[in-house]
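Labels for the chains are A, B, C and D, by order of writing; each one numbers its residues from 1.
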Amino acid sequence: MGWFNRSRSKPAAQGKTKSEDMWVVCPSCEAHVFKEEWHKGLKVCPKCNFHDRLTCHERVKLILDTGTWHELGGSVSTTDPLEFVDGKGRYADKAEAAKEKTGLNESVLTGRGKISGRRIVMAVMDFRFLGGSLGSGTGEKILRAATYALKHKLPYIVVSASGGARMHEGIVSLMQMAKTCAGIARLHKARIPYISILTHPTTGGVSASYAMVGDINISEPGALIGFAGRRVIEETIKQKLPDDFQTAEYLLDHGFIDSIVNRSEMKDYLMNVLRYWRAR
Amino acid sequence: MSMDFEKPLVELEEKMAELVKLNENEDVKFDTEIAELEKKMKSISKKTYSKLTPWQTVQVARHSQRPLIRDYITGMCSEFIELHGDRCFGDDQGIIGGFAKIDDVRVMLIGHQKGKTVEENIKSNFGMANPEGYRKALRLMKLAEKYRIPVLSLIDTPGAYPGLEAEARGQAEAIARNLMEMATLETPIVVVITGEGGSGGAIGIGVGDVVLMLSNSVYSVISPEGCASILWRDGSKAPVAADALKLTAESLLELGVIDEIIKEPSGGAHRSYSEALPAVKETILRHLEKLSKVSGRKLTERRFDKYAKIGRF
Amino acid sequence: MGWFNRSRSKPAAQGKTKSEDMWVVCPSCEAHVFKEEWHKGLKVCPKCNFHDRLTCHERVKLILDTGTWHELGGSVSTTDPLEFVDGKGRYADKAEAAKEKTGLNESVLTGRGKISGRRIVMAVMDFRFLGGSLGSGTGEKILRAATYALKHKLPYIVVSASGGARMHEGIVSLMQMAKTCAGIARLHKARIPYISILTHPTTGGVSASYAMVGDINISEPGALIGFAGRRVIEETIKQKLPDDFQTAEYLLDHGFIDSIVNRSEMKDYLMNVLRYWRAR
Amino acid sequence: MSMDFEKPLVELEEKMAELVKLNENEDVKFDTEIAELEKKMKSISKKTYSKLTPWQTVQVARHSQRPLIRDYITGMCSEFIELHGDRCFGDDQGIIGGFAKIDDVRVMLIGHQKGKTVEENIKSNFGMANPEGYRKALRLMKLAEKYRIPVLSLIDTPGAYPGLEAEARGQAEAIARNLMEMATLETPIVVVITGEGGSGGAIGIGVGDVVLMLSNSVYSVISPEGCASILWRDGSKAPVAADALKLTAESLLELGVIDEIIKEPSGGAHRSYSEALPAVKETILRHLEKLSKVSGRKLTERRFDKYAKIGRF
């Protein structure tokens, strides 16, 4: 369920784009792409169509109408319920460092905004923040946004990118799975749309909670999605896994993803889908 | 069968057994010696068990003779009608369930199944359920809701099974759906962590109005071994990880994740089923009684609030 | 979906006990059993535990408290919506012959009664009546009994034994699948128990409608249960099917049957299960 | 591509094509001959198609060029957002579905998928769905209910797939559950039988408030071939069986099983998509419009009554 053991699972899963001054190396096919082209192409590899990680702000910009984003839950931040210390030091310090590095207060950014003029509530995870792990702050923010959506009868969109539970918060992290799903359950009963976008990577406790129960589950090409880590599975079953195992395409074939959508078409896709909901 | 930290006690126990045997067969009586030894044992036993470390607790929670779901059924229930299948793919043995009667109270009992023999463990996959196990559990919970009987969920799993087929059939989806459906199930849900509460595999049938824990059970987001090998790159640091993870019943009560601890007999539930099981039964019945007075709608509201406030903000 | 093509599918499926004066030959293992023993044993083979077919009256006697059975829907009988004639003559005549032979008006007997003092509504199919096929009269009776159960808030038990749809009533037979399931759906919404007992054989359009959607699906040892006929499947997939294919045991393994119950324990089983329902 | 009973007509068509070609390239004009031939063709066409036998209708319903679900999507819908998967096992291609827009009306479109090429047919299993197809359809129908949009179901299947795996994964259960759930789905359901309505495989997504049939489609409890081989022990008696089974739109309307017939262009829908599709579209929209005014609860009551009264008592 942890996110750490995932980051080494396969090349594509690393997601870090080794950048030099001029160009970027695709983490999937290792093609060299001019940095400018890479960013103009929304971090999608022009060679292999791998959709590299976006920051939460990039995602907001990609999906929402310009200038319509209003952050919600900005006061919620990481907590350290276990006063956790590992070999390299205190979790609290680690969390502070993540905050400084990213400018975020947690692994998810929540707010409201508009897609082609239509009001929605959105939560966007950011893998840079402790591997997008599900901390209690993450869960709190995702639930608060769900509650906001419920109250205002607005569709809720969650963009996941996470290695899973946050070990340093122990059982409190695990409980966030139940907590967030309780929020989604209420939306479901109230017939309010909940759309889940599972981006690279979405695994462990996040895939096994809110990310997997969208009215519609959307992913991006090549995204890694799964419950258990590749290595753990290989050790358990003592055999090599197929190459496409736990890719978005694999999950589409196996019935868990409604659609794989190119990044450049994501906004239009969402707009089109949301029009099918008749609010009352 | 005994754990490392129990060795001194086990040696005394063996000595005691010898003495008792001698006492029966010979003319020379050892009554005083036996009394003495008994006293000593009590003292050592108290010292050994009164304050187990988290890592020792993990060992007790995993003890091969610890009561398992079939023992609870035998020990607490006057009737168990096992129901099978997810009506979709299969009948998993990692999670079992069915109608059960505890005294006069009828419940839908679900829970992980581990085994004591190799055979049993292979059949039940060591308590590691597949997606169809979670889906069977959901079906039975929905049936409980329809029939207006409470759900009793017994948790004891190292985790959901990490297998190729389990992934292909949607381990993540099955757990996620249960979390969502359990949140709004309009019937009481009492959860008891009886042994290992292993991560997503545990919470997949672990959302409840009341969550109880046996005093030597553990509940954690990851196994201490897994945590140690990731954070310290050294599996032998598991005892350190066990400590850091705050996985004991006491810690979890403090964290507000569980509602009550069910005290086990000294040395652990495996040392005396006849003491352990009645305590579990009594506690379950007490909570079921209380919950039976709450309407379904009210239950789901409270359950929501319960989980909404985990994590302090 | 027809029942005709099933009766030749395998020895056990024939179900007819070739009887001579003194003894019965088990249709499954071909053991010779004294007739008296056979009947005292509720038509269960003492050698192989095969549960041979019962008539609907035998089933009623097996399950209900003596003297509590009251027939309902006795006025409903076969109809001939297609005015069907096959190579051997008119369906209407065939139906009349079945009525005379069995003393029944359709392939199902419906009524109310008590199980250990508890009031229930029950429908019992009888394979002797045109192979237990689902005619429009069958559907009507099953729906009427469901409606009676709904109105009086009584548990509903259906004992199936059928080769499937009744070809001679064509599309009208097919529609009985939807019709009966509509009745079951109402019970479900009203939280009234619906228990399905699938006896040997339950196939085709009956397995694909009310028989498969019980709160609890019960079967008897060795019963044949399935959708498509064995021969049709073998012709389609060009391979031999496993021996236990479509047996109750196979369906238990595959998640579709809650419990396989011996005939001699069926009444107690039902009584025990029904006690878990809290009527309101 | 042409059916036996069409041969005389097809010969004339070929002659006509020749004449038209000659007419373009040569000095000698055949205008009168063409006019004559046209007249003759019309007369023969009328005779050929005005009163097809049931068995001929079966052939038209199965015609390899008959419009299939993808043609209806292209021809009727300004948007189709295909949704995939049953969230449990797989994404069947024998039944597809998704959001679709017909003029200004948004619906959840589901339906059997057949193919025109061998490749397409292998992918979609010739329109014979597996259990996961029926379960995907149910998921989408539930989504339609949540989003408050109607369901449009297009039927065209020889039947549910009779395979080993399909049985193992519960073909019977999947169809049965759909029948039950569709009965109480609180959103309008319009069903159109566009080609073959094959038995349980058809009704598995065929319970609706309104059931429409194209004039050359068929709907039957068993294929004529199957019926003939069982009842007459002779597959070649299929035409007789087709007659006896009353599987044509006209017979079904009389029997009260369907609500309206959508007239196809002369010769069958495959002869002119541009005539056939608009008629289907118009009829669907008309019924959707009417149903949109009825509350969900009322719909399910009416739907119950509709099915309760099939069979005359």
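Please note the rule applied: contacts are C-beta pairs under 8 Å (C-beta built on N, C-alpha and C of every residue); 3 or more make two chains touch, one makes a residue touch a chain.
Just so we're clear, the structure is a prediction, and the values are computed from it rather than from any experiment.
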| item | value |
| --- | --- |
| Joint neighbours of subunit D and subunit C, given as chain labels | B |
| Pair of chains joined by more contacts [C-beta pairs], B-C or A-B | A-B |
| Chain of greatest Cα-centre distance to subunit C | A |
| Euclidean distance of C-alpha centroids - subunit A vs subunit B, Å | 32 |
| Centre-of-Cα separation between subunit C and subunit A, whole angstrom | 51 |
| Distance from subunit D to subunit A - Cα centre to Cα centre, in angstrom | 42 |
| Interface hub residues of subunit B, defined as touching at least two other chains | 87-89, 169-170, 173, 177 |
| Contacts with 2+ other chains: residues of subunit C | 188, 254-256 |
| Chain contact graph, described as a line, ring, star, complete graph or other shape | other |
| Which pairs of chains touch, using the document's own definition | A-B, A-D, B-C, B-D, C-D |
| Residues of subunit B touching subunit C in the complex | 79, 81-91, 99, 106, 108, 132, 136, 143, 146-149 |
| Partner subunit D, residues of subunit A touching it in the complex | 188, 191, 193, 215-216, 252-259, 269, 272-273, 275-278, 280 |
| Residues of subunit C that touch subunit D when the two form their complex | 1-2, 4-5, 76, 79, 81-82, 84-88, 136-137, 139-140, 143, 165, 167, 169-179, 181-186, 188-189, 204-205, 207-213, 225-229, 232-233, 236-237, 239, 241, 245-246, 254-256 |
| Partner subunit D, residues of subunit B touching it in the complex | 87-89, 131, 135, 169-170, 173, 177 |
| Sites on subunit B touched by subunit A in the complex | 159-164, 166-173, 175-177, 179-184, 199-200, 202-204, 206-207, 219-222, 226-227, 230-233, 237, 244-247, 252, 255, 257, 303-304, 307-308, 310-313 |
